[in-house]
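Labels run A, B, C and D following the written order; every chain starts at residue 1.
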Amino acid sequence: MIDIVTPNHTHAEIAIAAAEAGKHIITEKPLALNVEEAEQMYDAVKKNNVTHMVCYSYRFTPAVQYAKQLISEGRIGKVYHFRANYLQDFIMDPQFPLVWRLKKEVSGSGALGDIGAHSIDLARFLIGEFKEIVSMKETFIKERPLGEMTGGLSATSNTNSTLGKVTVDDAVAFLARFQNGALGTFEATRFAGGNRNKNKFEINGEKGSIRWDMENMNNIEVYFSDDEPGLQGFRLINCTEDIHPYANAYWPAGHIIGYEHTFIHLIHEFLSGIANKYQPSPNFEDGLINQKILKAIEQSSESKKWVDV
Amino acid sequence: MIDIVTPNHTHAEIAIAAAEAGKHIITEKPLALNVEEAEQMYDAVKKNNVTHMVCYSYRFTPAVQYAKQLISEGRIGKVYHFRANYLQDFIMDPQFPLVWRLKKEVSGSGALGDIGAHSIDLARFLIGEFKEIVSMKETFIKERPLGEMTGGLSATSNTNSTLGKVTVDDAVAFLARFQNGALGTFEATRFAGGNRNKNKFEINGEKGSIRWDMENMNNIEVYFSDDEPGLQGFRLINCTEDIHPYANAYWPAGHIIGYEHTFIHLIHEFLSGIANKYQPSPNFEDGLINQKILKAIEQSSESKKWVDV
Amino acid sequence: MIDIVTPNHTHAEIAIAAAEAGKHIITEKPLALNVEEAEQMYDAVKKNNVTHMVCYSYRFTPAVQYAKQLISEGRIGKVYHFRANYLQDFIMDPQFPLVWRLKKEVSGSGALGDIGAHSIDLARFLIGEFKEIVSMKETFIKERPLGEMTGGLSATSNTNSTLGKVTVDDAVAFLARFQNGALGTFEATRFAGGNRNKNKFEINGEKGSIRWDMENMNNIEVYFSDDEPGLQGFRLINCTEDIHPYANAYWPAGHIIGYEHTFIHLIHEFLSGIANKYQPSPNFEDGLINQKILKAIEQSSESKKWVDV
Amino acid sequence: MIDIVTPNHTHAEIAIAAAEAGKHIITEKPLALNVEEAEQMYDAVKKNNVTHMVCYSYRFTPAVQYAKQLISEGRIGKVYHFRANYLQDFIMDPQFPLVWRLKKEVSGSGALGDIGAHSIDLARFLIGEFKEIVSMKETFIKERPLGEMTGGLSATSNTNSTLGKVTVDDAVAFLARFQNGALGTFEATRFAGGNRNKNKFEINGEKGSIRWDMENMNNIEVYFSDDEPGLQGFRLINCTEDIHPYANAYWPAGHIIGYEHTFIHLIHEFLSGIANKYQPSPNFEDGLINQKILKAIEQSSESKKWVDV
């Protein structure tokens, strides 16, 4: 099996070669640089009949899985609203260099594909398919010092005084209608100071609401409108009890897990799929659909019109 | 002086008569049913040289005033993002009757003018003027039992089995660009279960961020990116110290004030304006601009295009 | 009627004179300088048959009244734990002068009688009578500049360089057993930086738990152990709905009230008592019992032994 | 090396044998059943010159390490208060069986040694040595069904109808004075419904305050009294930045770690000690001192007097 963790513009070549070699594949997200590549990749894994996943790992947070379960059981009824913010702040310093994530030819897009794509995946997982969207995007810092960094996202700025053009978005926001009638509002930005990795969503349904925030990823807040009058309020639930998804693999209730476990659970699902001969999700099909939504968002931000997904 | 607290379709007639009688006027928001009425009202108060305010009272929360002060002093630098939600849930029950707030001819609009207008006012107060918007709106419950209620918003549902058409929005969301380049995302809905009056905003600037939520209206959260590394985080500030706006009129720090004080402060400002011969804000001009934005939002939701404000 | 809001050493004389003149009386807390005075005051109001209350106003927060209601209805079952902190920080500056609250002959005690007495009253209201206690107290700043201040608690420090001795406690903590078997832990301090008025408690019973914090006084957190597995968690309830105590006298749900309303409710109760010929609580008997507990705490901190209340 | 994770009454025998065999040793906490055993164990590791640690793992949370660093650097000045609660609820059901943790001959004590010992360790780590304490303890459910469980803490109750006596405390609370003059209040209970593993502390010093809660273990709240007036408030800091202890071994800021990492860090420290020839902490000496404090607490709860530590 192959796990592709290289920059986005390399995913297609590696994945297609791996599929043709009969390897099962996990790839980092977004699936590809663009829809065309994504389609070729999806064709390749189907043709070669390999197991495939795309690493939208936040699905595998126990709290998110539990949200999915509650929604699937009808506990919040028909969904009216999905509201997602994915807020970061790691490139706010204008001296932060022009790393690969800021170059369209390597990354495909900026905040959109890097973090907005996660919100899109969560929306598809929890709410359903998109119908149409309208968007805006912005690049606040239009030029940055040249130079890559070896130290990861948090590396200190370099001192290269030559500037290059930032060719991706710093921030994107979009409105969406889902096929089931729910309304969605989304925002993904790398310019929200104080938000290191604020990946959050809120869902409002006819019978209840759910809120989640990655910075306290073990918690979920749940409201039921049929709770006894006077005692209605969001319940703060630490999803570390045996009854919560994945939690019985771990320590006693109240002892939290961290970010890496989202990957552990994803890989567990991947291996289960291989062992038990089913195709897990999110897979290349999910990755392709996600890529089409990314494309629609880019189109809308240029045409300034609603775009069908 | 006249304080107009009757339904929206009566504001214009009363206000114009009051202005012509030389009375100073406060009116509930939105200023009017539509832009035409709002213009007539603004003309009337100018012509008759009376003091006028429109009751966008949330501006007068000490925490919001303090946010304004921080922004004006440049403490968060250039603003990148304004993100506002105004979430309520009081009409989610389909048996909730067709009260005046759900009839366009009486209220002008639904969640948009009732609560979205507050977010718009806060945005104008804190960030600046709007440039353009794109929106969507929805009416989830399209017919409701006829009948008014005397018991206020929280009255129990009536049992009238005759249904009438809801002619206003239950929910609206819009994206905005401000004239200063900031991006805005807005959502106003009466279908967000568990949110009795969740009027909140977040502001991200180049040097810091600010968050506020009416349900804990005395608090404000402030982040500065130039805080010492390791010690950067949102500060939870209870705006009840003498140094905070209006707070020195009250009890010692940590002893909070409530909703009614936003009105007390507004009226204080109104009376100060009369006494000291200046025209306070928000006034009929603010009300008119707000009404134009409401109109643009309605237009965009129909045309499905961006609309200049 | 007479409302006594002068320093503690004046309560007895005024109250006794008022009672003898047949006046109904509200007095600030603690009731008196010491148990002896408190007994005389209680004797006076009984003998003269006047209505009397002592201003332990936090009882009258809707959220606290609601907690009382839940406990009385058996919703959390037998109580195991009561845990109260009353944390302030207004005298932490060593230059804060030797105001009357820091002189035993005027105030009776320090943090103990000023804020600890509030926690004691809440404990008696919510849990029941005390059985025994053990305590410690401390005066961290033993001498301070002489001089009163006119500006209230938050006045800036004076510059008097002559020092006088602080004769009351800066902080006190005590353990308690209640007559019903519950355990209590209490801490009252004016040296808890960042806590302007953190008057909070937590209650754990066999079937549920309740948490409250004055800094967000409209909220209460409630946990039920018989909530559905997986969905157990503290519910954050904004006690502003019609069903909550006193709330239907105010504005719609989610629009909070402030500190002064605790007094409004207390005075409402006082006037109801006068009008309807019943003796409201907390009254001088409550004030006397509270004073006996304060005395026991002082004794224990000196004897270093458990003291029966 | 030997890692002892068996019940408490087996630690001494295993550890002494391991020391005599020249093995480096980590043992679960508390170190032993009682002070006598703890002294023998400490003697054994000293005599045999092996590296030794006792698994008070919460010290190794990055947020706690960071708190230590701030205190050591004098950032909050002289400490006035340490306030610790360790609240759990896993044995509240009277049908929960008489597992080994509820038998004094196997566990030594109940909530005291199991969770209170953690708070004591954190207090010693962060504040310093204890001077004297006074305590109370309680066993709310005095008899329980016989029978062990294989499923860990969260196993469902058994149905054995024969009852046996619970010989340890369900809850303990104590007041403490530290040698440096700080006051401590502690509570450890397994009867605090809704608190799965609420291991929390608050520290108040002359220049600032720190708060931490294991249920959101990556966060720390820090207050500085010399922050600019108006902007004073607890900062909510997610200790996941490179500058925070241990954090640079992990993923980007805002992506949290979980409970197991406290052990990973402890073992890292243990191995560093072996490799670099120093004796890490917390070690058997810390375990012995902790055991002496546990003993003093037990003595005080019986004598009802303050006990020197």
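Definition applied: a contact is a pair of C-beta atoms (placed from the backbone, for glycine too) under 8 Å apart; a residue touches a chain by one contact, two chains touch by 3 or more.
Quick caveat: nothing in here was measured; it's all calculated off a predicted structure.
Can you name the chain that lies farthest from chain D, using the mean of each chain's Cα atoms as its centre?
Chain B.
Looking at chain pairs C-D and B-C, which one is connected by more C-beta pairs in contact?
More contacting C-beta pairs are found at C-D.
What whole-number Å value describes the gap between the mean CA coordinates of chain B and chain C?
Inter-chain centre distance comes to 37 Å.
Cα centroid separation between chain A and chain C, in whole Å?
Using C-alpha averages as centres, the distance is 50 Å.
State, to the nearest whole Å, the distance from the C-alpha centre of chain C to the C-alpha centre of chain D.
Those two chain centres are 33 Å apart.
Which positions in chain B touch two or more other chains at once?
Within chain B, the residues that touch at least two other chains are 195, 232-234, 238, 241.
Spell out the residues on chain D that touch chain B in their complex, using ranges where they run on.
66, 222, 227, 229-238, 241, 243-244
What residues on chain A touch chain B, complex-wise?
76, 80-81, 83, 85, 87, 89, 92, 134-136, 138, 140, 171, 173-175, 177, 181, 183, 185, 187, 189, 191-195, 202, 204-209, 223, 225, 232-234, 304-306
Quick one: which bits of chain D touch chain A in the complex? Just the residue numbers, please.
Those in contact with chain A are residues 88, 90, 152-154, 195-198, 214-219, 238, 240-242, 250-261.
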